[in-house]
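First chain A sits with chain B, and in the next complex the same chain sits with chain C.
And then the complex of A and B:
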């Protein structure tokens, strides 16, 4: 903790602002991502992230403003629309989940590119370089942006906390939840919407591909340490938070290192460490004490949902 | 008139744009064909997301190859991309087996990490390589014709040449390994048991995917390669059943989408690669609508024709019951469309102000009533339902019982039974 505080004192104001925003997003993405990974929807966030481009372009076209809040609102609308489309494709065609995800992802991304290129060609003010929105522009976060990210992240975590029982039920056994009279579809849609919100909010912090990582990697790393959902949520949130902080700090120390990839690589490092040294499930533990590697009944029950 | 004017104006600019756009379009078409060929197998094997992952994860391989002195589009870069792609798949499998991760989560961890490494390598190496992550993501089809290589005395665009080679390689590879690919795609376990080297088959497919991806990179960009890999194949899979047909149709759809997308992008002055993805998406949407049997239109048509048949059969049954009761012919029946249809079909004929059954209509109406009453009776005997609950199920099933089932129910009921309401059950008459 001390070195962290020391860094906080030594770092320039700008870096602190960015670090705060990215850490908040990392934490909330880890928490929301836990439920999504357990629900086997790890890559839904990827589709949502690419679909935001359409909404971002439309938002600029309609309002003529290029403020973060406006663009994010547009992105959120189109991300949710894409996820609804995904659910409809699953419901009404025999296209399988993986192909449906890839179709929605690539076509909505193409549409976004078409809109933006068309706007640039017609000289719509503010449209130049809009497609870079998906690459993230972390260093440009202002204190207002960071506050926005913080508020949305807190709300998302609060949502998960309030609906934890319902979300757990649906994540582990949707059929049972539905049979027991829970509004399983509504809970599911809420979860998917939360993922969309986190992805959209994380975009400016990390970029499209890398926000996918924030939703997937911390939960997967946390999964190595525990078999219970509440500890998993807390660990995932903690890993996301630390990765956000550490990534921003590291990239601010070296010139030329862009923040998003560094955050992801820190997260990947956490995952590899967890994979190796985690008690019971870790590679070392299994190598050390082979019989301990047999909690597979438990494990498989968790994983096969 | 409008269409003719449109055609003239399109032809006009097609002539005016000259060979540059021809080459760009041809490159896009060849890239699309290669992607759709391997993409069909990815989709059928439920590996679509691997296409997404590979198209991102080849970035570090390409960057390292360029740093080692490879030329964009050259063999070293292709090799680097293939290695990175196989690394993605290997890592995914490792996470799946060793850490018990679900496959999608494993894919998510592997490709985002590799992509992050690639982006970092690009930014760190800075001026030493002229790779722009933006251009890798979005492609620059418009510049394809300006970078040429001499081939057999002709100046061919380099991107076209490498895409054509890749198309040749993947088609020949698929052709040679077709039976193995087919067997592995549909039942990998049985294929392995039968001695098919399934691992080699899968690795071969993934090498093909990474080759097609790299070839498509420069032309259309990473994410739109995903569109070309997956979308035509997903559309084709809705439309036809056999895998060979899926591959051929996917290639046709992909090439059409590429050319139409390029033209539309030119017309509306926007990104060609993006427009191709949109056109492919539209093709998928059309496939969802018009697919035989499971398409939305086919299902709606089936539902409508079923509802219509039920309407008509209910009218026949009502007329038959009216005759049975000796009521004035067709009293209370308004001449709606079903009655008009039945009249056209020769099932009923007008008499006075109403209708009566023709012999053919009478036979059919009688069968409906017979089915209805048999079912009510059988339910009454076996299901222990109160009498007023027997009608609704019978009203539904009367349209579905066949001759053999009616016969079996009758045998089950025994001789000389009346239905629960006391009506006689009409006998089965030879048609």
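And then the complex of A and C:
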């Protein structure tokens, strides 16, 4: 991490601002992703991510504008449309959840690719480089773009902090929350919408194909280090931040490289390290104290004294 | 603090009543025309074989599954008006025990579930939660992650979370499932304590022996209401035979329950 920070300091001002924005995206994706992973909704973000391309392409077609804000707004619309479709399929057909997710994901992705490649091939104005939304590319981000990403990310984290009690209660035990009068479904939908927002603002950093990694891997890695939800949010945010930063730095050094794969590889590195060396839950720790892995009730009582 | 129930519920109103309750999952009915009234606080058991719709009855009572017909009234009122006076203990297997929360966190959820939106609770809620943990005998495990508890301890955490709602009616779904005998005794005596404090406790239960020992009244359910009333009157060979008709392995248990029933005055 240190050498990366050093590198970041040596970068030009423009790149620094972009780095800040994308790092904020990584951080917020980790925070929002933590709740979604705990609610066992890891795959939902992936469906939303793959559906963003349709909206990005449509936004350009309809408005004729190429600004990031417009394209991302389009992406958000189609991501949410895909989620609504998922809910409808679940509600009105007998298709299983995982199958429905796979169908929505692949169909919307296919449609997005057809739209984008068609537009690029026909030379629709502004469509050049649209395929970068596939795998992410931060080198072209402006200071304005980065500011937008940073603001949205900050708002997403604020939402999580505000609704942490409600989200935790529903994620842990939706039946208890509903019985106590909390609108569990509405809270779920809010969370899923937040995931969709994070997936969309994560597009420049990781692209539609890989952005789900930003929402899923940091939380899973963070879970290794702690048994409490707030530390898990903070650690996941930290890992996400490092991933975002890595993407920008690599992208600024090799401008033709897609950032998504880099971001995912850094995340995967954090994940593997956590899996192996984390205290208590890590592979090493569990191998070390195999016999005492699950203390009996008597041992627990002794431990307490 | 919840207000004393006597002022809210006039003596004439039943605590909990189901009128012709029918529940269906899709087109498959699970419960038919359940008509049942619990007039006063007691320790009430809902007994029946697997798949008899016992849990469904609780879930329908709490509005967690849609009701196809009939109604449920608490003190003569609709659920929405009295939710804050009801505590629910779901089945233990329904949650992920690897969830990153401590015992204290879970019990706090009970206390803060009574607060408004975005309010996390303060010292009062923490003291209440600690008090509830004392009552279920888990105060010294407050900081432990919930996965590192025995089945009986996990069940008591769930009970403490419901206690922290300071409710007047407690609805428990299989509170003794996967719980060792010692913890069962402990949980039953906490429930009896609630009854003695003037609360109504309704528990879905499957073991006939412990049922006849602890419950004041029971309802035998097998997709419909077979019988309901004081435990000794209801757990008769005829009723049990009707409820468990054709189910293997039950005869032995039935015999023991009946023998025990005869000994109780």
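Observations, loosely collected:
In the analysis below, the second predicted complex is superposed on the first by the 256 of 305 C-alpha atoms of A that agree within 3 Å, B and C clash if a C-alpha of one lies under 4 Å from a C-alpha of the other, contacts with A are read in each partner's own complex, and residues count from 1 in each chain.
The criterion applied here is as follows: a residue touches a chain if its C-beta (ideal position, glycine included) is under 8 Å from a C-beta of that chain, and two chains touch if they have at least 3 such contacts.
Since this is a predicted model, take the numbers as computed values, not measurements.
Once the two complexes are laid over each other on the shared chain, residue contacts for A:165 go to chain C alone; chain B is not touched. Once the two complexes are laid over each other on the shared chain, residue contacts for A:113 go to chain B alone; chain C is not touched. Shared-chain residue A:265: touches chain B; no touch with chain C.
Of the two partner chains, neither chain B nor chain C is touched by A:126.
By the document's definition of touching, of the two partners only chain B reaches A:102; chain C does not.
Once the two complexes are overlaid on the shared chain, A:238 sits clear of chain B and of chain C alike.
Between chain B and chain C, the partner in contact with more residues of chain A is B. Once the two complexes are overlaid on the shared chain, A:173 sits against chain C while remaining clear of chain B.
Contacts of A:46 after superposition: chain B is touched, whereas chain C is not reached.
The interface of chain A with chain B overlaps its interface with chain C at residues 40, 223, 296, 300. Chain C meets chain A in the complex at residues 59, 62-64, 80, 83-84, 86, 88, 90, 94-96, 99-102, 105-106, 109, 112-114, 117-120, 140-141, 144-145, 148, 150, 153, 161, 165.
Contact residues on chain A toward chain C in their complex (touch as defined above): 38, 40, 162-166, 168-169, 171-173, 175-182, 223, 226-229, 232, 294-297, 300-301, 304. On chain A, the positions that touch chain B within their shared complex are 37, 40-43, 46, 50, 89, 92-96, 98-103, 105-107, 109-118, 121-122, 131-132, 134-135, 209-210, 212-213, 215-217, 219-220, 223-224, 256-258, 260-262, 264-265, 268, 271, 275, 281, 283, 296, 299-300, 303.
Across the interface of their complex, chain A is touched by residues 43, 46-49, 51-52, 56, 95, 98-102, 104-105, 107-109, 111-113, 115-117, 119-120, 123-124, 126, 133-134, 137-138, 223-224, 226-227, 229-231, 233-234, 237-238, 265, 268-271, 273-278, 280-281, 284, 288, 291, 294, 296 of chain B.
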